[in-house]
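What follows is a pair of complexes built around subunit A, which joins subunit B in one and subunit C in the other.
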Partner chain A sequence: MEERTEEGKYSNLILSLKVFFSNRTAVAGMVIFLAYVVDALIMQFDPRLLGVTNPNQFTYNFVNPVPQPPSSQYPLGTTYPGINLLQAILEAIRVDLGYSMLIVVGGAVIGAVVGILAAYVGGYLDELLMRFTDIFFSVPYLVLAIAVGFALGRSFTSMVIALIIVWWPIYARYTRSLTLSIKESVFVEAAKAAGASMVRIMFKHILPNTLPPVVVQISLDLGSVVGVFATLAFIGFIPNANTPELGYLASLGLNYVQSAPWTVIFPGLAITLFALSVNLMGDGLRDVIDPRRRS
Partner chain B sequence: MIGAFNLKKYFPVRGGVVGTQYLKAVDNVTLTVRRGEVVGVVGESGSGKSTLGRMLIRLLEPTGGEILFDAPEEEMVKYREALESGDKESAEMISRKYSLLRKKGSELRKLRTRMSMVFQDPYSSLDPRFRILDVIMEPMISTGYLRGEEARKKALDLLEEVGLPRAFGNRYPHELSGGQRQRVAIARALSTDPELVILDEPTSALDVSVQAQILNLLKEFRRRKNITMVLITHNIAVVSYMADRVAVMYSGRLMEIGDKDDVLTRPKHPYTMALISSVPRPRPGEARKRIVLKGDPPNLLSPPRGCVFHPRCPMAFHECGWTAEEVAEDINYLVQGKYYNVFGDNVKVIPLQDKVKVEGANPESIKKVLEVERENIRSLTAVKEVTEDSLLIIHAFQEPKLYKESERRSVSCLLYR
Partner chain C sequence: MISIKLWVYVLRRILILIPTLIGLTLLVFVLVHIQGNNLILAEYINPRLTGQARELEIQRLTQEFHLDQPVYVQYFYWLGQVLTGNLGYTNTPIYSGPVTTAITLFLPNTVVLSLFAALLIWLIGIPLGVFSAVNRDSPADQGIRVFSFTLYSMPIYLIAIALILLLGVYLNVLPFSGEVSPQMVAGLSWFRDGISYPTHVLLIDAILHGDYAVAWNAFLHLIMPSLTLALAVMAGIIRILRASMLEVLEQDYIRLARAKGVPERVVNNLHARRNAMLPVVTSFGYTVAGLLGGVVVVESVFDFPGIGYWTTQALLNNDIGGIMASTLLFGIVLVLTTLILDLVYAVVDPRIRY
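On to the complex of A and B.
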């Protein structure tokens, strides 16, 4: 027992990778997710690579505005008014992915800090937080987002804020329960015996130990948030001045949905595929951090 | 060095119907540890050893009692005498000066450099996200004992002292074996050069082959640095190897304390006798009669009255705390079983307040049964008299205190009053 470990240095990482890569669907999910990320990065930094000159706007074609079916020139067809769907989707992914990331990570950071504080400090603060999150949980989040959106004004920025407000309580609850178990662990007791202050214990010991599960949760949530965000755009809740966004893009073909169903199906598929891929990936990550599943 | 006086820890346990009850994990423990000495605390699992250890370095707030830290021997003796004679004024004066429980904030943080703890399970006592070097540096940095480069250097030196390569500093706990982790935990506990280290079962989570190495390491540190240790263990062999004095705990109470050799070879308390008789002897020829205790350790929510050990004590006698219920249960057992022929079907045994009513039985036959069975069934010793109408009167009981059996030996048993 005393002698192993010369090669042990990276053994944990290697084991983690093994666990992850043995799960084929998780790997497929990750590949698709990475494809979305790469697309978003290209659109941000060098859209010309994909033949796009201005990724901030859809390119209209009023010469031939009626949706065209998929063809060799337009692999996914076009939508009203004459927008090349493939190019439009490639452009829109950046916006949806970016905002969703912002929402989930923003919610996770706020939630984590509040959750840890509540669980560690306990007492009134904890009680207050739990009642507060109860209220959030009892209202459907789409309804809540719309309500907050009305209060803050309807724009992309206010929708991001609205959705962060809707999303952080989930993370607060989650990190709270994680913290409650971590704070009972012997290493926290050892830190107390070492004279560590409460702040040090919260941020040096507890926060880093809640991170892996929270990251998994982030990847699982990313799919839902993209859906909610696109839904709000689709129903026209976010006024859109031609910004490439998947929900808005789907809504453009709404008048033609019977004669040209691809106008709605392809943007919808782009959203679904993304949600599916992050879910598969998240499941694989969950296996990696769960010691019971890694024997 | 450190002294606990009438130390108590009652954990609140929320019960459904009965409301909040208190679990008496440690009850009225008095124990002093001299500078440079190793005191072994032994007892079965659940006897309150860890709770005691955690209170001694203030990881748990006691429910009652006092802890004096760094008080000279004479002051501790004086404090104890003051408590016994009810001299509140002198006790308060000594408390004010040495009480560990009154230390707060930065004062307490400073004291934390002078005492530390090694926990039982090295798999959970090291933060999995900390590198080994950071683990060892934590006490120095948290208390401000050393900082930055100095702390780093000291941590690396300590790694070497506990027998690990310096390169391990950059590793994470999961890359180490159990024995190696416990060495790291020891290095952490020694990083602020403490005078007192509490060791809570430091070897019981480890492979047998590694246990001896860890004990030898501790012994070596003790020799070189003259560290005072409180060694908590359920393993008599560990105590026998390491300790100068032994304290025996049972159900949250101290049963006996004295010099190691004295206690181990001449146990005085009936519980200690049973505990030691259960250890296999090194020389087979010397095998001693094994005392097997009947029953289980008591429920700590409602411990037995009088001496907590009395329901299991082979030597228990009339004053040890027997209740009418206990006596009634044993009599009922005899009446329904062994002596069924004598008493027949119509006997009813009813426990009352400090009396037991035996309905439908002749007092003379009861007396005879008591006479015969007294030696085996200790609860029967508690019957003071049997009245004309078959009422059994129970003796008054006494709660044992820690009695001085000799100069360096105290026993909490009425036999040593």
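On to the complex of A and C.
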């Protein structure tokens, strides 16, 4: 008897994995995503593996500052001032990936707490929290980022705070709607009947059930967030910084874009490829948790 | 007929707007004033003033802006001023003076740019989405899907640069900087200091003055920024439209239409497309948010003198007046769009009214 339930548990997981791995584009997305993660981890813990001594700073070469086209020495060419593009991109991925993850996960945690609270408690609290969410929904992200950048100074920290402020309402609405349907489930009734406290029901019974769709949403959002993050850096959010970051890296070559297009294109492609991979992966994951979408 | 129930709904939605706007401005006001008064003083005091004169000026400004009061009190003073139409001053390299004048100078350009982008989305994006769904899994559909998926993943500045390189540098068919070629407007009586009169939209002003060569030049300068904006927003629309169109095409009423012999073209364009547009309309709020954010980037990349360009300049020059005003403006536009959208939706789909 016990064996059977155990088997039932695993067969569900195996089915999910089968569905995911039968989707070739989703697997390709995952492989690329993992490559980015591995690169970021190497840069964080042992950059020497990729021949980098200091991943926190661009390596300038003022002797030969003008962008050079791709060559055997510089596979992706160089950008102003004499920065080896391939090396700079490999360094910069760590920053973009790390901060984007922080933004999306931060937004998801805040949003999940607000959403579950609003939906489960309901009534006036629900109304109040949702109107509060509406306020944050009505701020265009770039404008809010500008205000936060003004308040806290233009830095990565203020970019992260600004984007979390913009992103959590999406998760609040999403988890609210998920919670509204979950709270009618029999197992929640059962937990209530067994005398579980409200907090316990919300975080022990409801939260885990909202996780799969939220994780899919995180994976889909990661692609947008990384683009927005780089865009903010590109339009000058981090002045005088020499921290490797893909949007800022692209802006370095902006004055040379007509004669040396690779200076802007390669850092941009690094972001596009990342966004593409998480979008593909997210689509695949969504098919796994939502059987209606399996074709 | 519009029922009483609908009017109640409309009234309700408009009333909700007020706390939302107050919350939005309060949020930004507190953010901008978090650093204390030094930035405000720095913006208004002539840096050449020293000693006693400077002290007096600080006292005067402290009184004028109520800087000795707590932030929330200052907020209500500010709100009172905004309600009487005084938005303060802005000081950026592209414009110094009253914020209200800056808005009348820059906003029309942005409106024209957004309208052009919206037109392009409507002309290109929606047909592509419908075509993709109708010809499901054909090579064209695959191509459109790859195209929209890639576009969806590109940061907006990369789309801009790609267009500049392709159309501006490589094919060399379109200009990509500013709103007009400087030699075209040199010495014109209705164009001074980079500002055209009377509408401040160069394209319209040139037509009003009968100067069609300048109008054509201004039009060419509009294409690339609006195309960038359109492509950035279009990607999401194509994906949503394709998915909803596929769903609609499976419905019984489509099958019925086909069964009774309605031509395929009519089924697709009349029966299916209208219903498939509903999710697109719902997501239009996000579309506008995307357009507003995109405008800031696109105008900076193309040096296009609109509200987004001014906002970026305000940020880079620590210009409080500009930042507060543009936040208010962008917020109002977004909130009003959402409102209009909800109302349209309530008229279109009676199930929404509650």
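Throughout what follows, the second predicted complex is superposed on the first by the 280 of 295 C-alpha atoms of A that agree within 3 Å, B and C clash if a C-alpha of one lies under 4 Å from a C-alpha of the other, contacts with A are read in each partner's own complex, and residues count from 1 in each chain.
Following the convention adopted for this analysis, contacts are C-beta pairs under 8 Å (C-beta built on N, C-alpha and C of every residue); 3 or more make two chains touch, one makes a residue touch a chain.
This one's a predicted model, so the numbers in the text were calculated from it and none came from an experiment.
Chemist: On the A-aligned overlay, A:Gly149 touches which partner chain: subunit B = first, subunit C = second, or both, or neither?
Modeler: In the superposition, A:Gly149 touches subunit C alone.
Chemist: Who does A:Val264 touch here: subunit B (first), subunit C (second), both, or neither?
Modeler: Touch partner of A:Val264: subunit C, not subunit B.
Chemist: Mind telling me which of the two, subunit B or subunit C, contacts the most residues of subunit A?
Modeler: For subunit A, the partner with the higher number of touched residues is C.
Chemist: Scan A:Ala191 for contacts with subunit B and subunit C and give back first, second, both or neither.
Modeler: The answer is first: A:Ala191 touches subunit B but not subunit C.
Chemist: Is A:Val199 touching the first partner subunit B, the second partner subunit C, both, or neither of them?
Modeler: neither
Chemist: Report for A:Asn209: first if it touches subunit B alone, second if subunit C alone, otherwise both or neither.
Modeler: First partner only, subunit B.
Chemist: Quick check on the output: what are the common subunit A residues between the subunit B footprint and the subunit C footprint?
Modeler: Correct list for subunit A: none, the interfaces share no residue.
Chemist: Of all residues in subunit A, which touch subunit B in the complex?
Modeler: The contact residues of subunit A facing subunit B are 1-5, 8-9, 11-12, 185-187, 189-197, 200, 205, 208-209.
Chemist: Within the complex, which stretch of subunit B touches subunit A?
Modeler: 54, 57, 59, 108-109, 112-113, 116-117, 119, 121, 124-130, 138-139, 142-143, 171-172, 174-180, 185, 188, 207, 209-210, 213
Chemist: Quick one: which bits of subunit A touch subunit C in the complex? Just the residue numbers, please.
Modeler: Against subunit C, the touching part of subunit A is residues 131-132, 134-144, 146-152, 154, 223, 227-228, 230-231, 234-236, 239, 247, 250, 257-258, 261, 264-265, 268-269, 271-273, 275-276, 279-280.
Chemist: For the complex, give me every residue of subunit C touching subunit A.
Modeler: 16, 19-21, 23-24, 27-28, 31-32, 34-35, 149-150, 152-158, 161-162, 164-165, 169, 289, 292-293, 296-297, 300, 311-312, 314-316, 318, 320, 323, 326-327, 330-331, 334-335, 338
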